[in-house]
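Paired with chain B in one complex and with chain C in the other, chain A is shared by the two complexes that follow.
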Partner chain A sequence: MTEVRLNRLTKIYAGGKPAVDSISLTIPTGQFVSLLGPSGCGKTTTLKMLAGFEEVTRGEIAFDGQDMVRVPAEDRDIGMVFQNYALFPHMTVFQNLAFGLEMRRIGKAEIARRVGETLEMVQLSHLADRYPAQLSGGQQQRVAIGRALVIEPRILLLDEPLANLDAKLREEMRVFIRDLQKRVGITTIYVTHDQAEAMTMSDLVVVMFDGRIAQAGAPAEIYERPKSATVAGFVGQVNLIEAALDPASPGAAKTPFGPVPVQVPPVGDSVTLALRPEAIDIAPAGAGPGTAATVESLQYSGAIVDYVLRFADGSRASVKTIPRHRFETGQEVSLSVDPARFWQLGREY
Partner chain B sequence: MRQRYAFLLLLPAGILLTVFLAIPYVSVFLSAFRVPGEGTPYGDGYTLGNFARIFTDWFYIGQALNTMLIGAVTTLATLIIGLPVAFQLARPELRLRGLFYGIVLSPLLVGIVIRSYGWTILLGNNGVINRTLRGWGWIDGPMPLMYNTLGIVIALTHVFLPFMILPIMSAVQGIDPSVASAARSLGARRLSVIRRILLPLAMPGIQSGCILVFVLALSSYVTPALIGGLRVKTTAVTVVDAMIDTFQWPFGAALALTLSVLGGASVLLFARATRMKWK
Partner chain C sequence: MIMGRTVLNLYCLLVYAFLLAPIFVVVGASFNAGEFLTFPPQGLSFRWYVTFFHNEVFLRAIVTSLWIASVATVFSVVIGTMAAIYYVHFAGRRKEMIRVAALSPLLLPEILTAIALLFFLYDIGIGTKTMFGLLVGHVLLTLPFVFMNVSASLEGYDTDWSMAARSLGARPFTRFRRIVLPLIKPGLIGGALFSFVISFDVFTISLLLKSIGTATLPIQLFDYLKTNYTPEAAAVSTLSIVATVSVVVIVEKVVGLKVHKF
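After this line comes the complex of A and B, so read on.
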């Protein structure tokens, strides 16, 4: 059980701007943490530095307070799952799992016992004698996870492990990996660019842009109270409203939905408000108080309908709703929002 | 052109191979069983006498075994020298790749006769190596480097090195680099990564390199003829002697056939012994 601490961790490739720019992060023992961000945001580089495959330019990596920066990869006691699985093609499933234990000079009988237990855990006991090329993608993935866990590592690192699987299998594997992680209780760092993966699996989501941490927090916090427009946009659809402060009522800003209480900024006369599309209620026009708008376009995708609505002043908003009432393009509707669903964005990371 | 006429495209290659490969092979095979003639290439009828002559005479058996030994040692030497070179050439971060490729391929850019003569200048009793060593006082008399098996192996190793390096290099380049990373994360040190992961995965290349060099060394003529001279003859050299100098076509054919069968059998045994289950 290991706590991982990164302190001002930095990676600069020769002659470039920092790939990872002074990130600090503490991951408590046993937590499942996702590094989430677009490609090139530094999440994979961070993972490689943790694993010891990439040299650290500056900063510290500590496992339980023990400095790791100068410890070579083979001595870090890390379980790593690669995006392309990186199984040993010339070894059977059993031999793949046994490899790490053999490197630790563990006796044959003990190896057989531990590999057997782990194979059971990843539900592959019946395929122990197969070669990787004879397995499906999902099975190869489970071999990779088993191979990383059988050595009982201090931490588990996963580099976009589900990227090569089809959608249905990906959902199954999310649940599988999360359950397994909870059962083993291992500190886990999971790199992904898929916000749904990060949201559903993690205790803590760390959103990264341009080598920096834009925000770190619980999934609900990241989704419901993102600090910046970039984070808000990366983890889901969002309506951004540039709202002028209302001189008539201090401490409030004017929005198409009426005045919203805000924290008045020290300078400027407007604030940026964000609103998730599912926070807006949509009703037929004239069905009570509300803001009038017109349906500009809609996209029906079964469980939900996405509307684009236009206000009288020409501004637009996205609304996501279950298709209880269907509205057609061009129809007049009435919108209402609980003011508590607005939140005010800070400056960018 | 219609699909069913597509086979016509095979005709040029087919004719070429039939006329210059299949017919000569069949001809050699048949003439190995012909009776030698007096003043003519062949006498009447067929016989196993040519083979009887080979297998009852230790001279020919010993020569064939020595030829196989030359092939095997040359293969081993090119493997030992070529393996590290191939691994280095396969590194993705290698700079000046073109230059190194050129150096590896350079033995193939010079005609085989010139290359072998080059070795006689180096290896001869009054050659560069012997004179230098004598000049330094390390040896008294000349060290025998030419007209023996050692000299032939040295020259053949040089000539056939590229045929070992290139297949291994391409096999190593095909190894996913993250496999080595995975091994390291599991606690494998450099040597274990090489021994347990990289070498086994390079095996297909090592296997084809070995077969290629062995077969080429076994059947090589120019280099053994020039370096071995009259003192050490390989079977291939004796075949040419029989065919051209002493005009014994059936015997030469039988000798050639014997060498082919021995070589083919060795390759089959080697391939079986190094068979990879995971491929």
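After this line comes the complex of A and C, so read on.
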């Protein structure tokens, strides 16, 4: 099992600005880490540098303290799963899995045993003699994972492996991959632009923008205590409230929901507060103390309802709630928020 | 519908008849019992085949042609495959330039290539005393066919396959042998067949670049027909058609032209 450490890792393509800009990160043994960000944020380039497919401009990559930058990809002992699976089309499922073991000069009987075990693990024993083109997308995906794991690599890298699957299968595969990873206990780095994938699967989520790490932390930390508005917005819907500081009561900011205590001494005369739409409670007007607002629009999607509400001063807020009470467009409602649910954002990364 | 299909079938039949008729004439004329090359043949006989098998000049020409076609094909396949791999995966902005360069022997009139090569070979002091110049000419002419076929099959090659093989521990040569080669095999064999058949058939280049005393089959046939007009020429042609078709069939049976299951 392997601890992965990146130190000021940088990739600069000829004549461009850095694709990956001095990122440092330590991934403890056996953890599942997601690199999350929009396309072009450098997450795939980082993965390719880890795999050895992309040269490192500056910085270090170490597995258990052992420098990897100058080790060629074929000697890094890495399991890699590609977005389009990249299964060898002229080989059967068995031969695809056996390939990596043959490269390691392992005996025929041992290969058969290990491939058999791995096929069982990815639930494909019955398809060993099929060619990739004869398999469904989900099956091909499992072959790709099996082929990466059968060599018992030091780390497992996955590059948007679920992007080509349909929605239902994607959710099944999330659970499948996570379970498998826990069972094998392998250090895993998973690249995705899908925040739901990153949140549900990872021990650690690394949010990247413009080649830099905007924030790294546990899924709940990223969601509930985002460092910046960009991070907050990327991992879910968020109400950003630009709140003026109240000179009358120091240490508090004025919001449509009343004064909110400010934790960190702010710079300037206002702070940006984040408030998740599901943190706002919505009740019929006059049902108790609260902030008055009008329902501007709503979107019913079964388990939840999304409301857009307008305050008297013209500002808006999104509210997500279970449809216990239904409110109609134009209806007056009363909103209340636990002040602890406000989160003060810092400067952008 | 049925009417339309009948017309189409008839049309296809006529096109094939037009293309293949000369071959049938040649094959028919080769069984001529008479002294002259005529069609329809005057009586049936194998006498001209017998004559041919006793004609050492023709036999030597066939051996020369087969030898040159084989050697030229080997060189064309190696160089053309390397060029195609560079062209598809590494050429970048130079892609178009490489393509035009590789295909230029097809675009230029053969006689121009032949004359240019002739001058060049004499200028660098090699001349046409050996078969070297002739081989260079044949490689040059057959190269585009290997290049086109191999690069076509490489266009369907996903470079992620190479990366996957790399991450599994395969070094460059192993990657080529185990992954690239099997996947471009159809294009490679197709290109090699084209190369062999074209080289066997080429006339102009051979006429200008052949060394004194050597003659390929087309040259020998031409020389023969200048002074003789017997059905022996038709017999030689028929045999070379049989030889060409056999090569294609044997390769198909032994190596297989079929694409792998994708």
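The definition used in the following text is that the second predicted complex is superposed on the first by the 344 of 349 C-alpha atoms of A that agree within 3 Å, B and C clash if a C-alpha of one lies under 4 Å from a C-alpha of the other, contacts with A are read in each partner's own complex, and residues count from 1 in each chain.
Here, a contact is a pair of C-beta atoms (placed from the backbone, for glycine too) under 8 Å apart; a residue touches a chain by one contact, two chains touch by 3 or more.
Note that this is a predicted model, so its numbers are computed, not measured.
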Room on chain A for both chain B and chain C (clash or fit): clash
Contacts of A:I282 with chain B and chain C, given as first, second, both or neither: neither
Contacts of A:V33 with chain B and chain C, given as first, second, both or neither: neither
Touched partner set for A:L204, first chain B, second chain C, both or neither: neither
Which superposed partner A:G100 touches (first chain B, second chain C, both, neither): both
Touched partner set for A:L124, first chain B, second chain C, both or neither: neither
Common ground on chain A, meaning residues reached by chain C in one complex and by chain B in the other: 51-53, 73-80, 82, 84, 86-90, 99-100, 103-104, 131, 133, 147-148, 151
Residue numbers on chain A that touch chain B, as the complex places them: 51-53, 72-80, 82-84, 86-91, 99-100, 103-104, 131-133, 147-148, 151
Complex contacts: residues of chain C adjacent to chain A: 158, 160-161, 163-171, 174, 178-179, 182-183, 260-262
In the complex with chain A, residue positions of chain B that touch it: 176, 178-179, 181-189, 192, 196-197, 200-201, 203, 276-278
Of chain A, residues touching chain C in the complex: 51-53, 73-80, 82, 84, 86-90, 99-100, 103-104, 131, 133-134, 147-148, 151
